[in-house]
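Multiple structures are listed underneath, in structure tokens.
Look at the two complexes coming up: subunit A is in both, with subunit B in one and subunit C in the other.
Now for the complex of A and B:
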């Protein structure tokens, strides 16, 4: 196991390095640059543009910039944001909390609800419940998340006035302590519902199809023939087999959701990292963008390793020796 | 769960129909009850005003770098020497008065006394001199517009003299506009003004003090109790950061915002008018939507083609469909706001399809098998309403046999291709064209900074130079009118519509910057006179 882990960590680092190279090249090759935006349009003198370009090292060839970036990165320094002049690490840290709160809560809810519904649908295959749930899963799977978000705002905030439209806290009351926690949770309801509803179909379909597949295995038929009760067969043999693929999806999805909630964060004015990323893209803030991408690739790599380990724990057939 | 999901689907479908139709009757009834006349004449002190905003300011040094998100905040934290109001007039700010010398080469500002910085330090003419010296030496945003300044002197603590190389009648306008807020010398002196910690914790002289900035959430200001001018009524102003304008509009409907504060989607504008819970301010800017041609290096080098496109454009159609009626047809070469210098005789012609086709044919073009004379690409950035304007324009120009290809791109990419690269056929833009007719110069003079067209007409250069060098309006006017005549003749641009901002706010908000009595006192985002009538 230890040898396997070492190997996995090394591949993980390689993946991160390759993704760094690709990201660095892509964002530097994209049209537009931060200096134009920084200098403003009204009267940027060439002198000012040259000074700024030099200040951020953008006058050097791209490979030199990359080597410089890696060197400072190895010292644990993510650099400074071009737009705000603040350390990238600090900017990201400020935003990670709200994003994790939204992404993690939604993914766990989607996992539990989606898997439960999927298992139920599979066990009642062909029933009305199964048909309706299948239909809904396709509906929500094909619904654009920002649209769903706006619809929830229209209904529950603007019309029914049950939940707040935007933000994380009520700016008028600016409560503290427990009241603040409740306020945040209250503001969390609509964005959380949106992200969860969009994700449920993944887990639903994975759980449903893997339960159906396991139930049609020969050994299950043997159990049935031996007269074992349906519930016992399910609880003891089907369930464990069926949730294995869900774990894989969970790992991949976690990293995806952390970056994918960006649009939802914008719709609901949720102060997370996604929004930071969108601003960094539109302002071509290279160091900030690289910092965010680095965090994403690290979290994907880590998630994949964790998934492999969890696999081994859940499934005794898998051993990494 | 099954029921819940079904209910949700039904709600969503209902929501599409009801939600898009604006406000419901039930809400309207409630609104009327809410509005039971609590109107009092005397402004009430206190309360927190929540204003929407689409992004975080990256710095609080308004003179150093361009940052649209800072502008509404800067107006409340800082002061300028003089400021431009919503009526586009220049009024005193830190300078209680000013005097321009006979030859126009010396402007003397007399400053208000007993002005204090938010940290308690006294303000003086030294701060003013420091600010402008720094803008010039550090290439601040406004440096390009201060080239006429030779020297700034401070005869005493309350007097500042700008000595100019040449008379520059546009200078006062620039000093009243953005990017020249007076900064505290005692904090910035001998430091790097791009990285000074005060850039994240600003100290100004304005009606509100900076309290905190929670990234992505809000910026909070509180009343400056020791303000030297009219004391603000509000205890606090909180700028709530909502990146999506659609969400901000819903937050306004839901009462989470007092003032929308952001440019609403134009399609919403009609709904505000019919909502009795809201008042709608309209702000007519010296800004306009216009189309411009690459005269130097594109098919539009040929003036006949430019004239044809100008004749083929249906401005009424664009205003109706793309701007949803929020606009006013532009036919003059300059914003009509500076009436004293406006040329209303030489104007861009009305739509004439036949004449346009004749012009194209006389330029030697013949129809191809698709019935088109030529094709051209319009580069637009993917921001509303520019994308809609381009679409309607494409349709308009099809009538005169011009095949328009729309190239939509991200703003940063557009900047690189059009603004800096000058590699385009034609494009669309809007932008502030004030605070004085002198703003024609950077756009239309040969070496103008915003002359993206590559336009060059020595007569225009001459007229604009003359207009800028004289002092009195009646002397300047003929030169600006002459320049406008040539611009109409040469068609480097085609103006489409005047720019009108829609500013909705809750009906209990009094003293809004666009309201009567205040409109000639403050800028668009200054909340000194706002109070909450509830």
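Now for the complex of A and C:
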């Protein structure tokens, strides 16, 4: 166990280091001069050039610059946003909440619904339900998330006018307390449905195939031959074995979910990190962009490691790989 | 039996195995249709897809089969030409990722030892990176030409292929024919290129077909975010253009999106069908 843990943590540290190197090199490799990139304009004033040169040590050799860059990061300084002149860290922290709300809720919903549907389909393998579900899982897998979001807006917001088209709260009513919570939930429905729908096929397929696989194992056949009831076999032996793989997928899925959420935020004007990132891209706010990327890669790496370790605790077979 | 007879037998065998796997059959028919439409786009298109007509945001009619966008461009013609962009980007990006994955995974699995330890770690690290954001940043910094988009998608998505090829190489190098080749002094790299890769390539081909779908989706997402190549017609861009006309011009985003869904579906079905042929027990749906 200790060996496995050490190995995974080492990989995690490497991921963070590689992200740092990529982040650092991108600024230096990108067309144009890093000063212009960091200043956000083509003709920065001499004073600005001097400050930036000093801050990032741009006149020193590249490896000194890299060490300097890491040192600044360790102090928690992600640099300053060009658009608002505020610390990048602060800007990001403000937007983390809405993104996490959307991402975590959708992951839990998709995990539960997808797994349940997958188990049902596997138990009724070859039935109409199974065939329809399989077809739907292909279809949703092929659907671009942003387009699905637009279609939901088109149907439920523009035509039926059931849900709001965009945003997180109704700016006209300025509600407080419980009313505000309800307002947020109301705005959450469409974006959440979109992000959940695109994840369901993933869990559906994993659950379905692992149930089918477990059901065809020899020990299950033995139970059947011995006359054990089908439901009892399932509840006692199949379910647990079949549910385990979803946990690993959960970790791998994370990066995919976060990028999906980022795009959906833009579709629904949801005030989270995805939207912040797009604003950073369109305004050429590179310090902000790099800060978001760094924070995302580090947190995704940490989450994946945690999931791996949890999985190794639940399923001892993993450790001996 | 003469050579052509043998060849005919092979073709027959391939066709019968395609017929047996429903997904594969459906996918191939769908893809063939889409490719035909893309090839004959200039003949089928009713308008120049870039031409700005006077009828702006005009609903589907006899003149404009699928309507026009906010600048009066014909959607139907745009979708036909967009097929070329999407398929080209998808296939080139997936091929880059396939070739990189095959080489890295093959070297890692076949050479083993320290090389494998290092390369496996590289694969693990890349698996944990949020690829889409990396693609987004690189395209935003380096420009969104079609070439950039293809290369960037290709070089960031090879990990899946590398893992598959590594597993194949690990098992193939235990086989007698590889061992005997080593004994008679064939160089390692030659064995890798001539025997290991050709014998283990099929899962990579299946996976690469699925990767075409992912690449098409990634490209359309980039275009939707306004980071597509402005010089070519792409489905993601049409969806993006239609976003502001959702209430009064639903057809702009709707039809271009359906085009993406169908094309991506075709590649998924084919890739999945190939996987079914590979391991019928695990994947059989019926």
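Here, the second predicted complex is superposed on the first by the 260 of 321 C-alpha atoms of A that agree within 3 Å, B and C clash if a C-alpha of one lies under 4 Å from a C-alpha of the other, contacts with A are read in each partner's own complex, and residues count from 1 in each chain.
Keep in mind that, in the parts below, contacts are C-beta pairs under 8 Å (C-beta built on N, C-alpha and C of every residue); 3 or more make two chains touch, one makes a residue touch a chain.
The shown structure was predicted, so the numbers you read here are calculated from the model rather than taken from an experiment.
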item: First, second, both or neither for A:247, with subunit B first and subunit C second; value: neither
item: Subunit B versus subunit C as contact partner of A:138, first or second or both or neither; value: second
item: Which of subunit B and subunit C A:31 touches, first, second, both or neither; value: both
item: Touching partner for A:304 - first (subunit B), second (subunit C), both, neither; value: second
item: Partner chain(s) touched by A:153 [first = subunit B, second = subunit C, both, neither]; value: both
item: First (subunit B), second (subunit C), both or neither touched by A:15; value: second
item: Contacts of A:282 with subunit B and subunit C, given as first, second, both or neither; value: both
item: Partner chain in contact with A:266 - subunit B first, subunit C second, else both or neither; value: both
item: Shared subunit A contacts, counted only where both subunit B and subunit C touch the same residue; value: 30-31, 37, 139, 150-151, 153-154, 158, 266-267, 278, 282
item: Of subunit C, residues touching subunit A in the complex; value: 23, 121, 124-125, 127-134, 136-138, 140-143, 213, 217, 220-221, 224-227, 236, 239, 242-243, 246-247, 250, 253-254, 257, 260-262, 264-265, 268-269, 272, 281-283, 285-286
item: Residue ranges of subunit A in contact with subunit C within the complex; value: 11-12, 14-15, 18-19, 22, 26, 30-31, 37, 126, 130-131, 134, 138-139, 141-147, 150-151, 153-154, 158, 209, 213, 216, 252, 255-256, 258-259, 262-263, 266-267, 277-278, 281-282, 286, 289-290, 292-293, 296-297, 300-301, 304
item: Sites on subunit B touched by subunit A in the complex; value: 1-2, 5-6, 8-9, 11-12, 14-16, 18-19, 24, 48, 50, 55-56, 58-59, 65-66, 139, 141-145, 179, 194-195, 199-200, 214-218, 238, 240-244, 246-248, 250-251, 253-254, 256, 409-413, 415-417, 419-420, 442, 449-450
item: Residues of subunit A defined as touching subunit B within the complex; value: 30-33, 36-45, 47-48, 51, 81, 83-86, 91, 94-95, 98, 113, 117, 129, 132-133, 136, 139, 148, 150-151, 153-155, 157-159, 161, 164-172, 197, 266-269, 271-272, 275-276, 278-279, 282-284
